[in-house]
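In what follows, chain A forms one complex with chain B and a second complex with chain C.
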Partner chain A sequence: MSEGAQVSEGSEVSVAAEAGRIAVRKTYKLYVGGAFPRSESGRTFEVTDHAGGFWANAALASRKDARDAVVAARKAFPGWSGRTAYNRGQVLYRVAEVLEGRRAQFAAEVRLATGVCRDEALAEVDAAVDRWVWYAGWADKIAQVRGGVNPVAGPFANFSVPEPSGVAAVLAPRDSALLGLVSVLAPAIVGGGTCVLVASARYPLPAITLAEVLATSDLPGGVVNVLTGQVAEVAPWLASHMDVNAIDVTGAPGGLADDLAVAAAGSNLKRVLRLPPVAWTADPGVDRMFGYLETKTIWHPMGL
Partner chain B sequence: MDVTSSDSALRGFLHGLPGVDEVGARARAEELARRSVKADAKRLALDLAISMIDLTTLEGQDTPGKVQAMCAKARQPGYGAPPVAAVCVYPDLVPLCVAAVKGSPVRVASVATAFPSGRAALDVKLADVKSAVAAGADEIDMVIDRGAFLSGRYLAVSEEVAAVKAACGDAHLKVILETGELGTLDGVRRASWLAMLSGADFIKTSTGKVAPAATLPVTLVMLEAVRDFARFDGGRRVGVKAAGGIRTAKDAFRYLVLVNEVAGEEWLDPRYFRLGASSLLNDLLMQRVRMEAGRYSGPDYMTVD
Partner chain C sequence: MRFEYAPAPESRSIVRLRDSYGLFIGGSFVSGSSVFKTISPATEEVLAEVTLGGVEDVDSAVAAARHAYERTWSVMPGRERGKYLFRIARLLAERAREFAVVETLDNGKPIRESRDVDVPLASAHFFYHAGWADKLGYAGFGPSPRPLGVAGQVIPWNFPLLMLAWKIAPALACGNTVVLKPAETTPLTAMLFADVCQQADLPPGVVNIVTGDGGTGRLLAGHPGIDKIAFTGSTEVGKEIARQCAVSGQRLTLELGGKAANIVFDDAPVDQAVEGIINGIFFNQGHVCCAGSRLLVAEPALDPLLDALKRRMESLRLGDPMDKNTDVGAINSRAQLDKIQSLAALGEEDGAVRWSARCPLPDRGFWFPPTLFTEVSSSSPISREEIFGPVLAVTTFRTPAEAVAKANATPYGLSAGVWTSKGSLALEMASRLRAGVVWANTFNRFDPASPFGGYKESGFGREGGRHGLEAYLDVVATDVAGTLGASDV
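The block that comes next holds the complex of A and B.
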């Protein structure tokens, strides 16, 4: 490939060339179990910027990468869900801190991916950080809002507490490079669940950069696993996987969402999140976050 | 000449074995580990691996209930899988296992000889073996005296293995080398030959109580030893058992490839190759379910053992 001709402005190659240095190019890999492995299949695909120029190669995840990611997510589940809600909130807030520290990098990637102007890109990054902080604040409030003490006609203390469903498969939205990604990812883990995120095929690189943020901010490895590649290739395997407990089909293209919902129901009755399309800048509401929770109700006998 | 006739003859023989190219062995094991087993071959490999398992529980906390459940699973792993080769337990649980696997092809193996350290007087070890055999064990997994081996008292080790072999009667003898304590692959090769010369029916990598347990390079050296021994000793085929740390179907396949490529196809048989494992069986079953149902299964659908 004649890189010189195809490389876009703003990429590492052209920046380094201007400064007279050898380019330090980044290999975008997957994020599984806290590590950044290449695809088990060894495949990659070309990611282009908004103008169609070569940006980078990203790993093209296979079904076996999806399988490994589910194993990693399952392994991380007891630890993450077992933490106190307060501690989860702290860890998620830390993610927002690190995200904020990489503001310029994310803005550059959003620009390159979508072609928006600098101010718009910065506004999207800021909105993403704010969104993450908003969800971090929810961590130790979910139980009060979603749970409760129930009145019953009998000598029992009866209360309901929300519990995470387990491992979720999250298909990131196709129409947003960063804000939409953050808006589907944070609610999947704030309640104590773990997840396998399938990045949008159009904007995979911000998802991997976000994984770098997660890897360096006290979030235990395996709580979030990021796959890049073709959603239509890996999503059916996740939808039918007996060890996946929920699926968010937001990023499923065309008729695939229907197939995924059928596969999810036909295997182990996964919780399927199929929320109406929203503007990612709007108030996210609590549906997405509560969709990953189940209610445990406890009847505790009381002495008379 | 009988090389086990004296300490000096034995030392001369064992130290006369060619040294192991450690880097080469690692490279060969690594290269073979990259072979992939797919589709129909994978289906066959899964069932072969299951039929080679010595389903093992060697914990202080073993209860009769747990062992009984394990025996039931050994007879019928479920999902259409064949029974495993054997169950492997401590000697006091042998009578329970014998009753639980009666009428099935599953054999009962018992560890003995002051497992896992092997630190006891010979008569205590022999009593341990005899009680397990009397209780109905089909196979005895003994440990060698690593202290004697490492200090060069090869004849002592050899005599002990021979005495245990005599005490076994009809039971098959597996000799555990505990390769994680032998230091070098040269040591593994010598211990393998020492055990085979002294009457072992099987040589086994490890107790599972010492890290590292079974590794591919170690198993490679042991497979070479049984292959060469068969040529040396008029075709007597000794088996190999890899035990400890083999948890996934992928790991198991690597061992099967190794057996096929190093020892040869004749060793791809539960009579000559075993996998000592506990959690491996569930992973093999999950893979089996994946191939049958076309979707991934999960640990929620497997027994907790």
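The block that comes next holds the complex of A and C.
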């Protein structure tokens, strides 16, 4: 909601107008391959604010949208994983910078979505910014923490390096408008992976506004693709997709998460992240980030 | 000029196989309800009778492992656990010749390989992991990582003792107890290992070994008393276990199939590359999940390389695995031979050109000559499917990018090889190949300190090195089951 920044303090209406002027509302679309397309299905669903008032019509992503998003993520993978870790760290830090600059807008959207008070909304945005900074700093530390030299019993140089699994499907937590979203998204890409993020059906709009931040932060198009819609409709296609390498099922309710895990295993042995529920304000730790990594071991003989 | 070799058979005198083996449960051998025979694939001679583990057998093995876990092993200080593992490493080394002979008899692999590779590496695995037992807090998984509990481990027939060591050593070092199911066709070194456990005075129930067939493996993998499953074998079975674990909540690591590309650039030293290609696909009769079964050759290098390769293949000695000069032993089973033959036939039907080394095949036992296919299409079954035999599919490429694309065009991602004398090219290729192990100017090297495991459908989790410990510790990590242990992080 681009006019969010103009929402007056304490206002909880979804459409704000300054005196004497009709606001220009935003059309919330998908984010795929660096562009903002509508759903190919032509469908939308109504999103309300926390008080039940009309906010916007969000795109209702289809199976085809999910597949298009996977294609975009796959296409972006060689470039993103091929960047230096230093560069990936800089891009993630840039995301934090741009997000910080749109602090008021995001706080307004978080308030509108969840109904929390102004200070709480600002605190959530600040925590989200800090989370991008935390992961930005990780980019060029992962290989040394997660990899190493292996002292094999022979004349060989032998070392192990972490590499991204590839394309991930990330189901954003249902209960968080921004911080949970960022907390599952950043670890999926910091190591060089690309992803298709399925936004919370309850709070889909901050995810699209976050996509605007990503689109203007030097993050290559396709590294993050954002779908809005029903997790139960879209996620099964991602879980069984043969060109998806990992899935974080955080945003799926228990029964669906089981089904997704089975489909993910039975199709192409995806890496399934199903971490215990955490408070998004807590120290994120490394498990989620490392869950998207493989270990590659390289041997080369030594000798004169 | 061709020299003839006199027979140089290894003596069997060091081995005294029993007529019949029970199951190793709770520290002693117990009998089961039914039995099957294990044969030598080189002669089809019956070696011994072993027990076919059933429901009750698996139940009692899991119960013994649970008891030992709770009462003994998980509460024993790491330095004491480590001492048992050091003992086992030493015992394996002391009895190395005996293990090598039994392995070769039961598996069909050349004695040179079991003697120089399988057995020393198995011992080294225990020695390496023994040292971890009291240092787990320094491994990067938190200050005092906990074991998972009882591990159910199902291993294949291609490296019976070595796979046992890969499974048991890290599990025990981390404080878990195990129930291991050896492969149906190669149970004997595991039975011998049970004897080593007794000699080491390993507390009863810490290691339990239940022999049997695929059905026994399923019973173990599906047993609700198991906290962690480790499986090495086919991708098909791996997916089945993964689906099951997705619902059951058990932790899982998988080491599955492969269809590795071995890439030779035109600046590669030909003789070294040829040795690497030979080792890559004919080591252990090609019964190697990480075998270099697809040879990708830079177009200008193809003809001289093929000439050298065929010359070398003609010099491979196929035959009695017990002969110390044998390079290529027996195919492990009739079923595996049938599979290799049918895939080779499919390759020919598909238009690929077959060339096999002209070596006489023994009359008895299961044999397949070292074989390569040229003019292989990328869609041919011999390009795509894991043959798990001495069959090499040869194709060409023009640019490094094409080599990468072809190498990565497989659902597997276990290993890859690259041969070039240009260092920057070797490193660039190593980083672009989507595989868990990349051998540059070498192939099929293994070490307990070196993490091994696959990308994509070759499985997940690593075995060996610091990384391998993660599979047996209660750290929150990803697995297909999506069943992550409770985190105290």
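By our rule, the second predicted complex is superposed on the first by the 284 of 304 C-alpha atoms of A that agree within 3 Å, B and C clash if a C-alpha of one lies under 4 Å from a C-alpha of the other, contacts with A are read in each partner's own complex, and residues count from 1 in each chain.
In this section, a residue touches a chain if its C-beta (ideal position, glycine included) is under 8 Å from a C-beta of that chain, and two chains touch if they have at least 3 such contacts.
Because the structure is a prediction, the values reported are computed rather than measured.
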item	value
Fit-or-clash call for chain B and chain C when the two complexes are aligned on chain A	fit
Touched partner set for A:243, first chain B, second chain C, both or neither	first
Geometry of the superposed three-chain model: angle at chain A (Cα centres of chain B and chain C, steps of 10 degrees)	80
Which superposed partner A:24 touches (first chain B, second chain C, both, neither)	neither
Which of chain B and chain C A:273 touches, first, second, both or neither	second
Touching partner for A:282 - first (chain B), second (chain C), both, neither	neither
Residue contacts on chain A - larger count, chain B or chain C	C
Chain B versus chain C as contact partner of A:295, first or second or both or neither	second
Touched partner set for A:70, first chain B, second chain C, both or neither	first
Nearest-approach distance, in Å, of chain C Cα atoms to those of chain B in the combined model	5
Residues of chain A that lie at the interface with chain B and also at the interface with chain C	242, 268
Residue ranges of chain B touching chain A (in the complex, touch as defined)	294-301
Touch list for chain A against partner chain B, complex	67, 70, 74, 237, 240-244, 263, 267-268
Chain C partner contacts - residues on chain A that touch it in the complex	145, 148, 150-154, 156, 158, 160, 163, 165-166, 242, 245-246, 249, 257-258, 261-262, 264-266, 268-276, 285, 287, 290-292, 294-301
Complex contacts: residues of chain C adjacent to chain A	124, 140, 235, 238-239, 242-243, 245-247, 254, 256, 411, 426, 430, 434-442, 445, 447, 449-453, 455-457, 459-460, 462, 465-467, 475-484, 486-487, 489
